[in-house]
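Same chain, two partners: chain A is paired with chain B first, then with chain C.
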Partner chain A sequence: MLNLINTFINSPLDQFESQTFFSIFTPFMDMNNFNITTFALYTFIVLFIIISLFMFTNNNNMIMGSKWFITQEMIYDTMVNTIKNQMGGKLWGFYMPFIYTFFMFILVSNLLSMIPYSFALTAQFVFIISLSFMVWLGMTIMGFYKHGLVFFALFVPQGTPLVLVPLLVLIEMMSYIMRSLSLGLRLAANVMAGHLLMIILGGLLMQFMSINILTTILGFIPLLIILCVVMLEFAIAMIQSYVWTVLMASYMKDVQYLH
Partner chain B sequence: MIFKRALSTLIPPKVVSVKHLTAAPNAKRINNVVGFYKLLPQGPAPKINNLSGPLGRYKAKYYDGENASGKPLLHLIGAIVVLGYSMEYYFHLRHHKNGEGEH
Partner chain C sequence: MQLVLAAKYIGAGISATGLIGAGIGIAIVFAALINGVSRNPSLRDTLFPMAILGFALSEATGLFCLMISFMLMFMGA
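And now, the complex of A and B:
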């Protein structure tokens, strides 16, 4: 009998493994960071998709875009409204392109990872947490640059009794520093958990359905549940990119306006 | 006075009439206008494409005007499945043929 299991990925964690296609070896220094890996390949695919979404849909630079451009306008409009509501004031426009870029990258790579046999860029903890740490560090530097030592006022909520100030500053500072981790951890953990869940359920059902004809027919009932899980993962893919955007905008607001 | 002005906005002015056409001072202006409109391109607008080559043809077929459809998404999914499966086969599956040494 045809062994169906073998057309399937053997370990649930295989999908997150990064393979090297091309590497440079020198006896003088470690060039590992320049390797072309699965990760680099999929980063280029995401870049190509985002660029083509703009180049192909702008209707040859006419005033009105083609029908495809509606998707771009919708995403842009959502981002403008979200960032405007989160940040408020007059400064939101300066940081809108920055946050929008993050949203597009995370949205496209999340949705791309939902294609079977694809690679989940946003489930790579090292990459995503470095990204969130860089964003956090940049914002902190900007806060000090803009406000000087007054930036520390961020750690004292308004109307705090003087006795509680040392304790609150400690707590607020901890929560501020933890933002650098939590922003990336939230996204990567969600995506990774979702992909693991899908592949484990799918693998179990594959084994069950390949026993005999009866189990193949019976297997369609749990298949419906897995279909629901896949739909949930699609929702998570979109929601997590939105959550990143909202949080980034609100962190930016804290840094810009201090409360 | 105000009444007159209100009336004048209601009644469209006589821009072109037999009397005006034959009048000498306006004839040249009308000629200019006719000449201008004659120079304008006629017929349906030509199809332009700011991309050339295979990408331009692909864009004209699936993105522009009435041809816009969701097929590029299906093409992307197909391409990624082929790419991903061939990579998975090359790096893992070919080492586990016929159920040997699973996991």
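And now, the complex of A and C:
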């Protein structure tokens, strides 16, 4: 039987805390990094979902996939079109699998976190911002590797008067550096704010509906509004993964072609 | 201590006003989409992803404010 006392959530932020399920203890070294936490468990669930999406739809490795394979083809086609439009040129094909991987991971973990009482993987600020910082760092290193010192031409827009160059370089460099933070912060803040909003509204309505029988009936009207919020959150879960993809492709274009 | 608590709630309220800008931004994005589609309906398929992107970007800036207000209300002592 469901124990309602233990599932009561004291603070709306409790849902983002990760517990340790399994840990290794040795007297001679620190093995904390091998703990199986909620975070690790949900990462494995996301991996399992993505792999099974591909395995169950490919129709026993025949040439044509099953009917369900059209979902995979749609996602792939959307990604190809988006990245091709954003990056242009000939190099988009090299980086398409990389960006597609990010898209699938963020999409599946966003949608997985919409299941009630589950864990929001993309609301973990440390994880998502370190992910975006690593992407940014890798792109910057690739830009230097590819263009050498000409890479700094990225910070000077074409047709700038010489007087304005020092100021513009500062501004462009700031905006380039802030990309590392803003890419991850956008996703994590969206998901976190959405989950907090849903749990706060749900908690308020739960209190309101449990007063007496009249408020239980009256409470169905705000329940419809909360349903709209939940639908918006589902939309945001998908839109944010798309936004990550588009921005990553456009950053990649900046690094590859410099303007 | 009561003063700190009051300041916390006032700060949460003030930071939520940043959502005004996000609301105006989202409205501008969709107004421009309606304008563009009504002028040239055949461009709908190209304009819609751009509008969704603009919606998400402008919404994210507002959500930073909302997040700060949630943090002030529920985090820490």
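The definition used in the following text is that the second predicted complex is superposed on the first by the 247 of 259 C-alpha atoms of A that agree within 3 Å, B and C clash if a C-alpha of one lies under 4 Å from a C-alpha of the other, contacts with A are read in each partner's own complex, and residues count from 1 in each chain.
What we mean here is this: a residue touches a chain if its C-beta (ideal position, glycine included) is under 8 Å from a C-beta of that chain, and two chains touch if they have at least 3 such contacts.
Quick caveat, the model's predicted, so the values are computed rather than measured.
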item	value
Chain A: partner with more touched residues, chain B or chain C	B
Touched partner set for A:Ser66, first chain B, second chain C, both or neither	first
Contacts of A:Val169 with chain B and chain C, given as first, second, both or neither	neither
First (chain B), second (chain C), both or neither touched by A:Val156	neither
Touching partner for A:Ile36 - first (chain B), second (chain C), both, neither	neither
Partner chain in contact with A:Arg186 - chain B first, chain C second, else both or neither	second
Partner chain in contact with A:Ile239 - chain B first, chain C second, else both or neither	second
Contacts of A:Ile49 with chain B and chain C, given as first, second, both or neither	first
First, second, both or neither for A:Leu201, with chain B first and chain C second	neither
Touched partner set for A:Ser11, first chain B, second chain C, both or neither	both
Residues of chain A at both interfaces, chain B in one complex, chain C in the other	11
Touching residues (chain side chain A, partner chain B) in the complex	3, 5-7, 9-11, 14, 17, 19, 38, 45, 49, 55-57, 59-61, 66-68, 112, 115-119
Contact footprint of chain A on chain C as seen in their complex	49, 52-53, 55-57, 59-60, 63-64, 66-67, 70, 74-75
Residue ranges of chain A touching chain C (in the complex, touch as defined)	11-13, 82, 185-186, 189-190, 192-194, 196-197, 236, 239-240, 242-243, 246
Of chain B, residues touching chain A in the complex	48-51, 59, 63-65, 68, 72, 76-77, 80-81, 83-85, 87-88, 91-93, 96-99, 102-103
